[in-house]
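Which chain is which? They are A, B and C, in the order written, and residues in each are numbered from 1.
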Amino acid sequence: MTGKTSPGNFFEDFFIGQRLPHAPPRTVTTGDVALYTALFGSRFAISSSDPFARVLGLPAAPLESMLVFHMVFGRTVAEISRNAIANLGYAGVRFGVPVYPGDTLQADSVVIGLKQNTDGKTGVVYVHSTGTNQHGEVMLDFRRWVMVNKRDRTRPAPETIVPQLPARILATDFHVPMTLPSEGYDSARTGDQFLWDDYEVGERIDHVDGMTIEEAEHMLATKLYQNTAKVHFNQHVEREGRFGKRIVYGGHVISLARSLSFSGLANALTVAAIHGGRHAAPTFAGDTVYAWSQVLECESLPGRADIGALRLRTVATKDRACSDFPGHEGGSALDPSVVLDIDWSVLIPRRI
Amino acid sequence: MTGKTSPGNFFEDFFIGQRLPHAPPRTVTTGDVALYTALFGSRFAISSSDPFARVLGLPAAPLESMLVFHMVFGRTVAEISRNAIANLGYAGVRFGVPVYPGDTLQADSVVIGLKQNTDGKTGVVYVHSTGTNQHGEVMLDFRRWVMVNKRDRTRPAPETIVPQLPARILATDFHVPMTLPSEGYDSARTGDQFLWDDYEVGERIDHVDGMTIEEAEHMLATKLYQNTAKVHFNQHVEREGRFGKRIVYGGHVISLARSLSFSGLANALTVAAIHGGRHAAPTFAGDTVYAWSQVLECESLPGRADIGALRLRTVATKDRACSDFPGHEGGSALDPSVVLDIDWSVLIPRRI
Amino acid sequence: MTGKTSPGNFFEDFFIGQRLPHAPPRTVTTGDVALYTALFGSRFAISSSDPFARVLGLPAAPLESMLVFHMVFGRTVAEISRNAIANLGYAGVRFGVPVYPGDTLQADSVVIGLKQNTDGKTGVVYVHSTGTNQHGEVMLDFRRWVMVNKRDRTRPAPETIVPQLPARILATDFHVPMTLPSEGYDSARTGDQFLWDDYEVGERIDHVDGMTIEEAEHMLATKLYQNTAKVHFNQHVEREGRFGKRIVYGGHVISLARSLSFSGLANALTVAAIHGGRHAAPTFAGDTVYAWSQVLECESLPGRADIGALRLRTVATKDRACSDFPGHEGGSALDPSVVLDIDWSVLIPRRI
């Protein structure tokens, strides 16, 4: 009589077009914002100060982009990746309307692809997940794919459907909710003076600082998002697992990288899109995370003289400073210290 | 000249009928709620989403039942259990009006029983504690009894008065503040579809997941409640103590059990009452807590076709999964992994 | 091409009269308050309860004095002490208008002194820092001086200007925003009954309890304040450093001392001024902090029969109880357990 506890979905439980509403809805608050600040030390002025945000035409300081991502992603875990062996990737992550304290978000997914693996024991599930606010406006949508166990290996394979995944979100599709005042952007209180016009394609930026992760910190963060993936919380099980310890939620490293990127990108207001990313290696409590970025593109936005976009490759490492920009160059293997390699676009004011 | 620091009450300082106002009053906020979510990963929709709570006729998402309990309990420590050798038990814990962010709670106790132990060195103090909001409405009341040291062993014993303690709170006395809408309860976003009608007496539910406790986590929680019991915070003293380490506040384990019980009891809106409970063994940082529940009774509530109650026995263990429901059955000894054995009632929607 | 990352100011970058605006502005919230409570277990009624604060004529519970200090101090780090070898001292810390959730603070500094050291490699920079709210009102101002590296040792020394630093803030300059009601102050819910009239010059108070610091706790606190001093966060670098481990932000110990001082000083509403202080030794995770205070002066305030001030010397130790008031008496050396020796004034109701 343990039928009350859901074992989660196995590969054969998914079908193309399946709609998966996620639970529970979540009213986000200034309490969530304070915890996020305490966890990552984030300093972007737009999310730190209500008056600063109002100068940019917003009603209040919006939640940090990655906090929104984690809140939406976290609630998809129960239905999508409870039996996942691996989170294989994500693509086409697009940030929509800003999220403010007091908003209530909900998350929904649709199955857009299925491919059983040749071993017959596992399969890949592709989903399109969407986070909406209490007005039904899209705050975030993204695709991800995970490898999931089959419950019953004798079940026939479904028709293989591998969806077309966006290689990137086009700048023309970015949601740009803020507007600069007519006198332009005031960077006197933002941490540095560099705007869109000051960055060049190919430029590399060492974000300098490193931040050490504690068990309590990554667990507090991941529980805050109501993400229930077991590998982050249960030392009793993980002691016997592959690594002998709990694994830090991959998104934690993205938030650390975004927060560290303040040094060199203080005016990067928000993340507009994540085009793709790779968690190259797991991260554990005790690791110190560093990051660097390279400017891949400086994009102007249609009809917008006030705000542009920078497409960045950001690399995060563990226990290794980034002053020499470790990565893989010229076909060599990826530096073993690399834990994250992400391709994303940020919005940043232009000089007017 | 250390007379400014209260040593707390000793056994001979208590008398029957004594009124003990506790300090300080506490305005609870969405910040407290965010921290509680980060500490326990709680996912009950009614306390996660303001719109969801409004559908149930409440003005906003109420605080989790156990957060209210800890806030009230925490402020009774200074006057009641500062010199306690043992928290012997509690009974008749009844949750009253819901508590919302912005409410201010205060706590008061009355001494209802005294019994000196035969050794003449200690005694048992029984109190009835009440938490009220800024309107004077009762949010929570409960009895507990603690063993307290005497300051002066030569003082004569008081008259022994052992109060009648309620074996349970009757369902007719439950406070049921929420009302289902006429179209019934929508479980699409609550985590599972099981309502009152779906549970059977005797049914056992493994809550599956385990959660590891860190020192920082239990201390943050207990300080949030302004609970000052020294054994939780002072490693310098506890290093020389009975266990060589800090002891986790027993209520922390109750909150973990309640949060884990989401798997299998996602629609258990709130706790209506705690009839009794036993902390069978101490819990320490590094322990991983699991839980299971058995349905003891399915009770209908007078005049309510929309909401019923489940009386549950919930058992929490450390470093042991609960798929085989460890406890004491058939007269055998309690499983040594058990840290909590609690008898409580939750409110849960009925199918209408 | 790492020119986007500021290396911070070196000694030769400072000049007398230089104005340094700090980033970012910060809207403080009840989320910040909840975290501060969870970190320090603070129980002063005025900052715990909105209704209690309103009885004292304030619109809501103000932020704890030291939370305001840390928020202002934290944002001065990037411009003032990024290349500091040592924080040498602070003086004349005066608390101004109270800060409430929803207020937005900003910080500014002016260089008021410069003195190159004889080795030609370093110099001392004196600054006057001010925190203001969204109305331009001063919430806090203070002087501090730090030893900073020179970038280029061949640069000529600036003219030596050592500012006159206030030995103390005079009681006539205290900002006293609260007013007692005509019926006097009600201490029934504040933790103890001792008011200004009950303290005597020379009296010593053991604050009794000890609190152990975890890595996660001091890092959460310091990141909450957006303080970016590297020594607190980066175990990968500090492992090779002088102590082999991360150093706890000195302000963390002040907050612990203030919180512990509740035992014996429960009615000390707020800190009015910090006259001076000394971090006698570094503090690390795992240390248990204790504190005691001595009353240096009982000062009446001009025109105020309702509220007075106590000037206190508060000493905090690590891993040593304070029942015998360790310090340096009669010319002996400072007890090696002492980590903080601070001279400050608190506001406390008078009996009327």
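Please note the rule applied: a residue touches a chain if its C-beta (ideal position, glycine included) is under 8 Å from a C-beta of that chain, and two chains touch if they have at least 3 such contacts.
This one's a predicted model, so the numbers in the text were calculated from it and none came from an experiment.
In summary, the pair chain A and chain B forms a contact in which the copies contribute largely different residue numbers, shared numbers making up under half of all those used. When chain B is fitted to chain C on its Cα atoms, the angle of the rotation, on a 0 to 180 scale and to the nearest 5, is 120 degrees. For this pair, chain A with chain B, the centres built from the Cα atoms lie 36 Å apart. Along chain B, residues 29-32, 34-35, 101, 214-216, 220 each make contact with two or more other chains.
Chain C meets chain B in the complex at residues 29-35, 37-45, 48-52, 61, 101, 188-192, 194, 198-199, 203-212, 214-217, 220, 263-266, 286, 288, 319-321, 323.
Residues 1-2, 4-6, 21-27, 29-32, 34-35, 78, 101, 104, 106, 134, 214-216, 219-224, 226, 228, 230, 233-237, 246 of chain B are the ones that touch chain C when the two sit in their complex.
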